[in-house]
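Take a look at the structures listed below.
What follows is a pair of complexes built around chain A, which joins chain B in one and chain C in the other.
Then we have the complex of A and B:
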């Protein structure tokens, strides 16, 4: 196991551990802080997977913009820490959960890998490592040729979301108290 | 011996489980939305790993689109949470029974 694999493995374990902490945290603000750390770790993993543009976008867009909005709203609402009530699971639900995890693990091991290799027509050999400076150029070339239509649609979606957010959170003076 | 992208796929599976747990078993709607963000990030990790495996850029482009969708989802969701908080003074999912859910 080379140095890269060890670092990547440690980062992955760290990401999963941060996620586990998040899922059991009482205070929403510390949960959001943990999610920011999780995103930074994920950005490192993207960087090791030769996706440099994805790594930078992850930090700027996710950790820098989306999570700030989340924390802004949490502090605006000024919530008390939540009481953790995970509810009670019935026996059937536990059995279904274990069965689902089992199916997913089975799909993830050799059976599923063989299927994936044939379905995606992957060769077992690794794809060649891309030159380091080429990532952004390649992403841009793909995004603005094959995915140009999707890109324009996404911009329209963001416009619709902004208008929707303003309309939803607008205070209606006429019947605000009856809501 | 797993390569980096294969390990990435396994970690994305684990992260997806954690996100699913958060969405299903937490009562606070804000934390449930954080769980949705974990789900989207797990999908993104899978996309980037697959992009590394195939050696094409499609996965990274789709990951960028997912990021934009996540931004929209956060904007709309947080607006709805603020509006709900004004109406009910609570962000607990159990308190929202208007639809008899």
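Then we have the complex of A and C:
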């Protein structure tokens, strides 16, 4: 096993460990910071796979913009640490836990991935247009040829979500004024 | 001949070391420059006493004395603070500034044992987006410092820092897209190469600023906002918030914030220089021409390249110094914005202008490439 693979596995283990820590934090700001570190580690893993664009986009979009807004809201509301709830698990929680483990197995193991590929009848992805080192051009080329429709539809969906958010916040505001 | 992998590793470490040395030296020198320049603007003398070994040197010993003072100050953590994040916050800011600077090209290339070594310490396929990504992380330092200090002024400072960053990041990113459209690449070395070698209208160097002047203006304004410098230093705003997110900090922790801020200023100035002002290239005298001249004068090719490295680095640092001068000049000339004015400027002026600029550039580039329909 080469040096690179060892580093990659260490990063993978680190990412899972960070995810575990993140889920068990009581303080929302600690959880957010762990999520940011997790994203940076993931970006590093993308970078090691020569997916430089995915790595940089991960940091710009998630760590650089979305999480800043998360932290902003948490600080603005000054959320108190969540109280630990003792007692018995409810049926719903048990079902969710089992479903979560199922998703993790399906996506995280070779067996599960093979099953998903055969069940969904996904075709094998075609080879990249340009050599692997031209990562950015490959991303652009596939995004604006094969996936143009999905790309445009997703942007439309996001626009709809933004408009929805504005409408909902306006309506709340109106209620507060009339009350 | 060395093992190629070991060779790459050694070259990488040396390049990163040079970049980090530059970033670390900027903070003490800029502290002195800032005070001297402020004094000049306000018609005072400024710090001119402290020298080294009996030489005054215009007070250049001042940063050293300041550093010694900061090291010997009490390292204090307020009782109400969240200790982990309080300690971590300055480290994040400092680290983000230092990590970002390794993405700047310090020169074109040198040859060692016949192998070409690119003088950009870290070269990703995503090009200058790396610089952009890492510099965006610096804001967590300010936000966390504000939150962990458990002080209402600090918290407001942190909130302002994060809201301001998100608002200006968009306009900043969009202002750089026309450059990508015009030069057709994200690689900084390629962009610098495209800016040298030919002249616009026969006399102007083919700098990005002449292709995309609006982009340059928007980028420079956003640069001030991103680095929390006056007139955008609402996060500190000593007239309203004591010292904002810095309120509870002292000694070396406080100076780490400044190290990060100055490193970030250097990095973003360097980015502006490389994208809009031809990077390490001397205007009207491209490096390929210098190489011809030097080899013509009897220097070997490898040696000539080694002579050109410090030359190019000097030019790059000189251009960055002009931006630094602009930063300080603006700080002591312009009054601070009000917070709603800051947000209006970001969302209602910078963002639409950047968007319109992008559309115009894209249409223009398409016409230039494919002709009118």
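The criterion applied here is as follows: the second predicted complex is superposed on the first by the 123 of 179 C-alpha atoms of A that agree within 3 Å, B and C clash if a C-alpha of one lies under 4 Å from a C-alpha of the other, contacts with A are read in each partner's own complex, and residues count from 1 in each chain.
The rule is short, and it goes like this: contacts are C-beta pairs under 8 Å (C-beta built on N, C-alpha and C of every residue); 3 or more make two chains touch, one makes a residue touch a chain.
All values derive from a computational prediction rather than experimental measurement.
Superimposing the complexes on chain A yields a three-chain arrangement in which chain B and chain C fit side by side. Applying the stated contact rule after C-alpha superposition, one finds that A:141 touches chain B and leaves chain C untouched. Touch criterion met: A:46 reaches chain B, while chain C stays clear of it. When the shared chain is aligned, chain B and chain C each come close enough to touch A:69. Within the superposed three-chain model, A:94 lies out of touch with both chain B and chain C [touch as defined at top].
Of the two partner chains placed by superposition, only chain C is touched by A:56; chain B is not.
Counted by residues of chain A touched, the larger count belongs to B, out of chain B and chain C. When the two structures are aligned on the shared chain, A:33 is found in touch with chain C, with no touch to chain B.
In the superposition on chain A, A:103 makes contact with neither chain B nor chain C. After overlaying the two complexes on the shared chain, residue contacts for A:10 are found with neither chain B nor chain C. Superposition on the common chain places the nearest Cα atoms of chain B and chain C 14 Å from each other.
Comparing which residues of chain A touch chain B with which touch chain C, the overlap comprises 50, 53, 57, 65, 69, 76, 135.
Every residue of chain B that touches chain A in the complex is listed here, in rising order: 1-5, 7-11, 13-15, 17-19, 21-22, 25-28, 30-31, 33-35, 37-38, 41, 44-45, 48-58, 60-65, 67-76, 78-83, 85-87, 91-92.
Contacts from chain C toward chain A in the complex involve residues 85, 124-127, 129-130, 132-134, 136-137, 139-140, 143-144, 146-147, 155, 158-159, 162-163, 165-166, 169, 173, 186.
Interface residues of chain A, counted against chain C in their complex, comprise 29-30, 33, 36, 40, 43, 47, 50, 52-53, 55-57, 59-60, 63-65, 68-69, 71-72, 75-76, 78, 133-136. Interface residues of chain A facing chain B in the complex, by the touch rule stated above, are 1, 4-5, 8-9, 12, 15-16, 19-20, 22-23, 25, 28, 31-32, 35, 38-39, 42, 45-46, 48-51, 53-54, 57-58, 61-62, 65-66, 69-70, 73-74, 76-77, 79, 82, 85-87, 101, 104, 108, 120, 122, 126-128, 130, 135, 138-139, 141-143, 146-147, 150-151, 154, 157-158, 160-162, 164-166, 168-169, 171, 176, 179.
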